[in-house]
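Look for subunit A in each of the two complexes below; its partner is subunit B in the first and subunit C in the second.
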Partner chain A sequence: MLLIQQFVNSIMLGSVYVTVAVAFTLTIGVLNFLNFTIPTLFMLAGMVGWALAHWGLPFGLSGPMTWPLALFFGICVAILASLLVERLTFRYLKTKYGDSTEHAIPLVSSLGFLLVLENLVRIGYGTDAQRFPGPSADLTMNIGGIFVRIPQLVSLGIVVLIVVGLTWLLKRSRIGRGLRAIAENPDAANILGVDTNRVVPVVFMLTGLLCGLAGALFAVNYGEVSPQMGEDIGTKAIAGMVVGGLGSIWGAVLGGLIVGLTEMMTIHFFGADTVQVAVWGLLLLTLLLRPQGLFGHHSIGKGKL
Partner chain B sequence: MLLEVSGLDVRYGRTHAVKNATISVGEGEIVTVLGANGAGKTSLLRALQGAVRPASGRIVFDGKDLTGASPSARVRAGMMLVPEGRQIFVSMTVHENLQMGVYLRSDRDAARDIEAIYDRFPNLAERRDMKASVLSGGEQQMLAIGRALVGRPRLMMLDEPSLGLSPLFVSRLFDLIVELNQSGIGILLVEQNTTMALEVAARGYVLELGSIVLEDTAESLARNPTLTEAYLGGHQNSPSHAAGENA
Partner chain C sequence: MSGYWAGILSILAINVIFAYGIFLPVATGQLNLGGAGFQALGAYSAAYLSAMYGLPVPVTVGVGMVVAGVVGFLIAFPILRTRGVYLVLATFAFAEVVAGTILNSDTLGGAMGMSVPAFIDWEVPVIVAVCVTLFVFYLMSTRFGLTMRATHDDEVVTDLMGVNIRMVQVSAFAIGGALAGLAGGLYAHAFSFVEIQSFNALISIYVLLYVLLGGTQTAWGPLAGAAFFTLLPEFLRSFLPTVKSALAALVGIEGPVGPPDDSWRFVILGALTIAMMVFRPEGLITRTMIERLRFRRSTAGKEVTA
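The block that comes next holds the complex of A and B.
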């Protein structure tokens, strides 16, 4: 019974990993670039949400909707921050050096953004974890002895919706075709009129949305936020993405769930100390046996959507 | 004049790929640019479509100065490039490739124009939902041209479209080029298949090491004894080699 309960919990944890892993894989798939600001965006949504819920909403808003509204603003801040990152790192560097496939510099500068933002939040709020005033704990269903919290169910629903919506966007919409065209052949896309400077911000906007949502889900489900909440989630999401295959959305979904499951099962059987060994062991094993990941392309590291 | 280019220079660092090129294409005219490997033909076309920024020069299309315009602005104005090596999206279906050709169009006729491509190329219609990677070289070239055509260009620029095609496909290709031209589309054709290109073109330019060394009507270029010499331009490429590539 406890095992089933752990399984349910792992799906909830996994869905946070999935959302962040999808953000990573989207940027890799389209721009071939590992965006290190993703953990920060995740943290930013949670911390801004907490700060607003704690210190009061803007525009004099208050009432029972305070925490959802606070998280909504947190997600908006994550999206804006992500667009700012595009402006200040990716676009500037691309226009300056003229080669959008040279990603060492955006990679390093996004790492710089991660450290600056994280430490700014630390200076502002300290390093302590803060309790997030989410929905009360009695929103729990007891299904035959298994406890399922309603917010967890809602979160799972949102994640499913987001992933299905994103897949639809990429496969069926005009902007999605533009993104895939840039992913496969930026040059050919360009001469057909796909404007990189218009399409690339869409990737960053979606990244901000996904990370913001994941941060909000985390705050609601675990009732706690901190300036370093992005570190562990971010690295595990990367592990999930690699297990699933770089650049594959469904790979990131499966990989994120597998990492969540591995984590919960390891805690259950061997205790919390062994989690990192298990997750990263799984990653190394995947790289040895199936370097392209579960759903990835054969050209390793050049994952395309 | 549909397209008027003057004093165009393209540089890649120290390489001076196109030197002071002045060319023009009239409304509904076929103009060819000939030249050996590395002469600067692709650089010229890419500068015209806005894929590389020219170091200097002026590009006027349909009376509008497009010198500093983005590729998308040039597509909107009616310029379409069928790039060297076709550059179709192999991870996409045939249909999605054609949809990329109408990327900037929001009018309802776009879907009808794509259907018209299927009528023109039944091979593509049969494979519409297959990945473009399954197409043969000739079919890929048809797809690349179809993709440009659905953008309703007034000027179509083709970069060595006959390269790697079987002789049957080469003659179909040149028939198609004439047909498109008769429907009113101006054509700027870069070719190494000199004979065929001069057969369909009204005028031609010969590029050698980035400079235009000859400019004449296609008829006189075809009779010009120095053409072969200029065309060879000190490279190991020879007409028989060029013909071999098309076999």
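The block that comes next holds the complex of A and C.
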């Protein structure tokens, strides 16, 4: 029974990883860009949400709906920050010399953004973990002896909706076709009339939305935010993305759940200290034995980064 | 010399060696985001041998260097099979696995860290750093250095020219790992204490930024990058409070102003990174820049022979 309970917990935990992993995989799949600002955007949404809920909302909006509105603004800030990252990192990626490390330019810029945003939040809000005044996390449902927290169940539903919506967007909409064309071959897409400067920001908006949403769900479910909250989630999400296969959305979903499961089972059998080794070991093994992951495409992420 | 400057010189020397360790793989086109892992291997090997067996410093540091180099060589084969994003992730994962393993190891002190009995003063890291710098400059001037540059610029063509690019990449990765291990060993002795928290992912990021911002085309780049970014925080430490007081005076706040947050230094490092990538992505020091400097000095003699 305890094992089943752990299994349920791991799915709940995994759903946060899934959201962030989908953000990672989307950027890599379409732009071949490992975006290191993703954990920071996640943290930004949570921290800004907390700050607004704590010190009151602008425009006299404070009231009974404070914390959902605060989280909503937090997500908006994450999206705006993500668009700023697009402006200053990706848009300047122009091949000038054709050597192999210059493809790392966006990656390096995103590392710069990680430092800037995270430290600005530290300066503004301090380094301590803060309690998020959300709904009581004790609302639980008892299904045949298994306890399920209601906010977590709701977040799981939201995550599923988002992923299905994203799949639909990529498969059926005009923007999605443009994104897939860019993923296939950016130059050819450009020649065939895909406006890169209009389509690429969509990826970053979606990234901001997914990360912001994950940050908001995390704040509600765990009732705690801190400037460091992105690091742990970010690493787990990267592991999930790699296990599932780079560039594959459903791979990221499955990978995130596998990482959540690995984490819970490691804690259950070996204790909390070994989680990091287990998750990263899983990642390293996947990279060495089956680099394309479970569902990944061979070509993605292989370009001269 | 005051203890403050001795500490800065030690850390500067260690950072220069560490930066060269990351520079060598990057110079062959392999981004190594696992620098902290190699540094931790070197540091912990040195610390363990020094604490448990009381071996002299040259032996402990040497063993640390060899351990990191051998591990670098062994993982280079599977890791360099991966490319692009995968390579970055694999090196990153490697560092995390090393950190996690040490954290869970009781013989290495786990989260408590280890104190290192043998202490070295600032002269030793500085002398070693000078030797390493000369070694890397020599290496880049050899035929091997030429094949490294060629591999960096275009792998396919270099392969077609009959260069064993795999051998070049694995060697560069392993030598780089050994240098990072050397930096770690020196770190352990210079600070008399190692704890795994000081070999975290941010360290790997910083050192890669030193190398990329300094420039990867010549061996001058990592030297400039490491020196600049080690000395910049120290400069800012005295400069930022002045700026803050001046700003406060400008806005009209009276009285004493508290020192600014330590995090501002990292904000500036990050902002500089972003600005560099926008305006000069090839790094501070480039091959053409060096050539131009040299040209001006020795035009007279060279033109005849050329």
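Basically, the second predicted complex is superposed on the first by the 285 of 305 C-alpha atoms of A that agree within 3 Å, B and C clash if a C-alpha of one lies under 4 Å from a C-alpha of the other, contacts with A are read in each partner's own complex, and residues count from 1 in each chain.
The rule is short, and it goes like this: a residue touches a chain if its C-beta (ideal position, glycine included) is under 8 Å from a C-beta of that chain, and two chains touch if they have at least 3 such contacts.
Keep in mind the model is a prediction, meaning the values are calculated, not measured.
Colleague: For A:A189 in the superposed arrangement: first (subunit B), second (subunit C), both or neither?
Modeller: first
Colleague: Give one of first, second, both or neither to describe whether A:R180 is in contact with subunit B, with subunit C, with both, or with none.
Modeller: Only subunit B is touched by A:R180; subunit C is not.
Colleague: A:H268 contacts which: subunit B (first), subunit C (second), both, neither?
Modeller: After superposition on chain A, A:H268 lies in contact with neither partner.
Colleague: Pick one for A:L283: touches subunit B only (first), subunit C only (second), both, or neither.
Modeller: Touch partner of A:L283: subunit C, not subunit B.
Colleague: With both complexes overlaid on chain A, does A:L111 touch subunit B (first), subunit C (second), both or neither?
Modeller: A:L111 contacts subunit C only, not subunit B.
Colleague: If you tally the residues of subunit A touched by each partner, is the higher count for subunit B or for subunit C?
Modeller: Per-residue touch count on subunit A favours C.
Colleague: What residues on subunit A does subunit C touch that subunit B touches too?
Modeller: 304-305
Colleague: What residues on subunit B touch subunit A, complex-wise?
Modeller: The touching residues are 46, 49-51, 70-72, 75-76, 81, 83, 87-92, 96, 99-101, 103-104, 147, 151.
Colleague: Which part of subunit A faces subunit C closely enough to touch in the complex?
Modeller: Going through subunit A, the ones touching subunit C are 28, 32, 34, 88-89, 92, 96-109, 111-120, 122-123, 231, 235, 238-239, 242, 246, 273-274, 276-277, 280-281, 283-284, 287-288, 291, 301-305.
Colleague: Which part of subunit C faces subunit A closely enough to touch in the complex?
Modeller: By the definition above, subunit C touches subunit A via 26, 29, 31, 78-79, 81-90, 92-94, 96-97, 99-101, 103-104, 152-155, 201, 205, 208-209, 212, 216, 261, 263-264, 266-267, 269-274, 277-278, 281-282.
Colleague: Name, in rising order, each residue of subunit A that touches subunit B in their complex.
Modeller: Checking each residue of subunit A against subunit B gives 174, 177-178, 180-181, 183-185, 187-195, 304-305.
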